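Before I ask anything, let me first share the structure, which is written out below as structure tokens.
As written, the chain order gives the labels A, B, C and D, with residue 1 at the start of each chain.
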Amino acid sequence: MKYLSLIIVIVTGILLLHASQDFPDWGDAHSPANSNQISQHFITQTGEQTAVPNFVTAVLADYRGFDTLFETIVVFIAGIAIMAVLGLVRMDSLVNAPDSPRDPTDRDIIVIQTCRVITPVIQLFALYVVAHGHHSPGGGFQGGVIFGASLILMAISRDLSAALKRISARRAFILAMVGILIYAGIGMLCIFMGGNFLDYSVLHPLLPATDSVMARSHGMLGVEIGVAFTVSTIMFAIYALLSSGGRLKGGL
Amino acid sequence: MFDHTLMLTILPCFFAALAVTACGLWKPRWSLPVALLSVGISLFGSLAVLAEVMTQGRVQYFLGNWSEPRGIGIEFNVDPISSLMLVLICVVSLLSLIYASGKITEELPGKEPLFYALFLLLMGGLLGICMTADAFNLYVMLEITSLTSYALVAMGNGRRAAFSAYNYVIMGTIGASFYLLGVGYLYIRTGSLNMADIFRIIQLESLQGSPTITVAFIMILIGMLVKMAFFPLSGWLPNAYTHAPSVTGNFVAPLMTKVSVYVMVRMIITVFGIEFTFDHLPWGQTVVWLAILAIVAGSIMALGQSDLKRMLCCLIIAEVGYMVGGAWLANIHGMTGAVFHIFSDAAMTLCLFLAAGIFHHKNGTGEIGSLEGHFRKMPITMAAFTLGAFSMIGVPPTCGFFSKFYLIRGGLESGQYGYVVALLLSSLVNAILFFRIFETAYFGNLSEGHHDAHGNDDHEVEIDEAPPTMLAPLVATAAGLVAIGLFNSEIAGFIQRSLTPLAVGGTW
Amino acid sequence: MIWQFDLIILVFLIITAVISLNVKDLLGASMVFGVYSFLICLLWAEMAAVDVAFTEAAVGAGVSAVFLIATVFNTKRDSSD
Amino acid sequence: MDLLIDRFNYFAYVVLMMIGLHAIISKRNLIKKLIGMSIFQTAIILFFVSIGVKEGSTIPISEHHAEPAAEHGAQAGHHGEHGSAGHTNNPDHFANPLPHVLMLTAIVVGVATLGLGLAITQKIYRQYGSIEEDEILEKLRSTDV
């Protein structure tokens, strides 16, 4: 097996290296990919068409918003897939969150207190990242993962049931669905307002004091919030399922 | 006219998946009606798309209304082949969902809503693959289908399901990553992700000779060959499909490999163009020979199996060889045959898997030997199974005959006699395999003590059919086999509307 | 882009990748994988891909490593290779 | 030598990818395989991000306009008109945003696959009591006989 894999790896590697001679130089601003009208359009026109200074956010949530919708759905799928695979908990019994707090003496008080202090700060930062994604790096995914991480930190520093008491797995899945529903719902709203799916510009009659350009910006904020809901809760749910082997009890 | 028909086809799956998950939390009983309703809406939408394509030639949809310059947003573009794929996916989903409704409580107790949710998401992903005209969006859709099908396979309680699913995860990820790498290679040279735009740039800057484009093609091809279980890369398929819960197998087996074949065809005709694929690449012949190898290997492996489902899985590997070989014959009949075979193979795989599932349900085992006397015990199921088997062998008027007819015609036209011989040989092997089963099922004695629960009486065998929710989809599929066969010239003509020299960028 | 910086990180990346695949202790491998993700996050930041770097820092170095550790906790810590 | 300096990112990605691929195929530990899979995926991400780099460019966020974020809503119509009349960005000054967007998606897909793979690994461990591929195959073979 080892030799077979070495052969496969070397053949593939040579093939890929062979092609890389044909590549444009690294960092060449005039390579085909960088000088293509599409990527130039994103840089020159984004401000005018969507009023969002962060090109990545604009492309992610608007020009290629459909990809992002499905990326969110991929996260959701991971959540329900892990639940289906580990499958020790019935879905309709998620509400009975098992309550078996660990003996507090085996946890270090310094760790617990430190985490208690920094958790709200992390969560506040996560909200900032979501809300400020238009102007700085960040957005729904990053903020969502950070928020999820704060819940995971709570579960690690105390125990899983302490975190599940605040947000049970059932509530996590409901919020994840709400997140996708926000995203897809905004898309559907665009159809009802007479545009194509995810064409936020037609939403401007619904939003006060906006034109079609600012409507795009606000639409993006809306979908980023949806993404944040889904990502944060599913990341926590995945952790809860993985760390407890699907039982949602005990854990790390 | 209502211009969101594509959205009407794809979105119900995703909304319904959310609704079904919500049902799982509150009212698990409602999850089946919701799923059926949404698949029904999708089927209606796909038929509307088909009608639209019939009149207008193609349906385009720009997500977010970003149409200028081309490729800035994500575009959906449905031509005749993809519109037929949409209908196929919706019909297969509907039939296997009806079948699943009767079996699921027994196979996956307590997990029904999760199963339906993953089922709908998988179906939505498959629909997305067939609609999209954006190379990267296709990757995202591919990952949706992969993740859901891993989970659907791993859900089973069988001892081997999880380990098969693990290998499926590894192979599937390698396949998808190679596809993504190929898209990267295309992107670094052309700077675009829109399929038609990539094709235009390759022509415009005459990049056909560029090693990057060639490697991009190879990477995408390898990725898809892994996903479709082309012979040397097919180790994961028999285990994954055999050990999966049968409700999963019935849906995944007919569609997953076929959609990967569709992606390969789409890449050849839309992104790279046939001129590049067949004239600039010197190793087209090699692929045909590999396909011959796959056909022979699949047939030989099938001969050695005693488990019905496992045998069918080996036959899928041989059938994948048919399609890949047909596509690489480099003429219009071969390509038509390959695409036609996607539909007929999906129909016959569904038919045989449904029948195998019913046998397993009744006998509790998948061994071929347990089928003794089933012609008397389950006449309807066996009749449908026979029809599926005839189609696999290639008996007219079933669809299997016509797809082989086109493939052989293509093979003769391009002088690939080895491929033609392999096709005929594999039909012969199929005939041997299935007549072996017929012999057992027809002449075998039911009262040898194998099934004391069902066949106590020596002379009069009680008819003991499967429940109607399992039987109806089977009968419908068997009828579909004949229907596809009878309308073969219309379907082939419709497929060829996607293969005009203008659409594929070159003359055949 | 600063190519010297880039080169150093790439060398470290390859080293950490090899280490994380060859450590026999799976907990250690998970931690080294976290280091790998953090280095690659630095690399994204150096290549001006700030959003990707942000995501990688949160997802790769943070959440993936935690998932790996959670699984190691529930299975076995030692590995044969 | 010139070639090496211009392309070392592309060479490094091939090396990383091959390390990952080799691990996927040859490692026997299921978790090690998944780590290899993640390395394989990050190598592809490295390739994509390398495409978008431009010499002397900055991060793909255009300079902040004078007004702070909070005033955006109030000055909505105003901003829209002025945005179009304002300066246009020089494409050479900003990194190409498109590969970044694609790779955000790829990272998230990667972590989803990793999570699912780990869940399946745990299920395998529950069933077989082992996460070594050869031991599992051994157990499968012994149950067959």
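The working rule: a residue touches a chain if its C-beta (ideal position, glycine included) is under 8 Å from a C-beta of that chain, and two chains touch if they have at least 3 such contacts.
Note that this is a predicted model, so its numbers are computed, not measured.
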item	value
Contact distance in steps, from chain B to chain C	2
Chain pair showing more contacts of the two, A-B and B-D	A-B
Rounded Å distance between chain A and chain B, as computed from the means of their C-alpha atoms	31
Gap in Å, rounded to a whole number, between the CA centres of chain D and chain B	29
For chain C paired with chain D, centre-to-centre distance based on mean C-alpha positions, whole Å	12
Distance from the mean Cα position of chain C to that of chain A, given in whole angstrom	19
Multi-chain contact sites of chain B, meaning residues that touch two or more partners	136, 140, 143, 147, 150-151, 154, 162, 165, 187-188, 193
Set of chain D residues in contact with two or more other chains	8-9, 15, 17, 21, 50-55, 57, 59-61, 98-100, 102, 104-105, 108-109, 111-113, 115-116, 118-123
Overlap residues in chain A, where contacts from two or more other chains coincide	16, 21, 23, 26-27, 31, 33-35, 38-39, 42, 54, 56, 60, 64, 67, 71, 74, 77-78, 81-82, 85, 137, 141, 238, 242, 245
Pairwise touch network: line, ring, star, complete, or other	other
Residues of chain B touching chain D in the complex	136, 139-140, 143, 146-147, 150-151, 154, 159-160, 162-163, 165-166, 169-170, 173-174, 177, 180-181, 184, 187-188, 193
List of chain B residues in touch with chain A within their complex	4, 7, 11, 14-15, 18, 21-22, 24-26, 28, 61-66, 69, 71-74, 110-111, 113-115, 117-118, 121, 128, 136-137, 140-141, 143-144, 147-148, 150-151, 154-155, 162, 165, 185, 187-193, 201, 205, 210-212, 214-216, 218
Residues of chain C touching chain D in the complex	1, 3, 6-7, 10, 13-14, 17-18, 20-21, 26, 29-30, 33, 36-37, 40, 43-44, 47-52, 55-56, 59-60, 63-64, 67-68, 70-72, 74-76, 79-81
Touch list for chain A against partner chain C, complex	26-27, 54, 56-57, 60, 129, 137-139, 141-142, 145-146, 148-149, 152, 156, 235, 238-239, 242-245, 251-252
Touch list for chain D against partner chain B, complex	17, 21, 24, 30, 33, 37, 40-41, 44, 47-48, 51, 98-99, 102, 105-106, 109, 112-113, 116-117, 119-121, 123-124, 127-128, 136, 140, 143
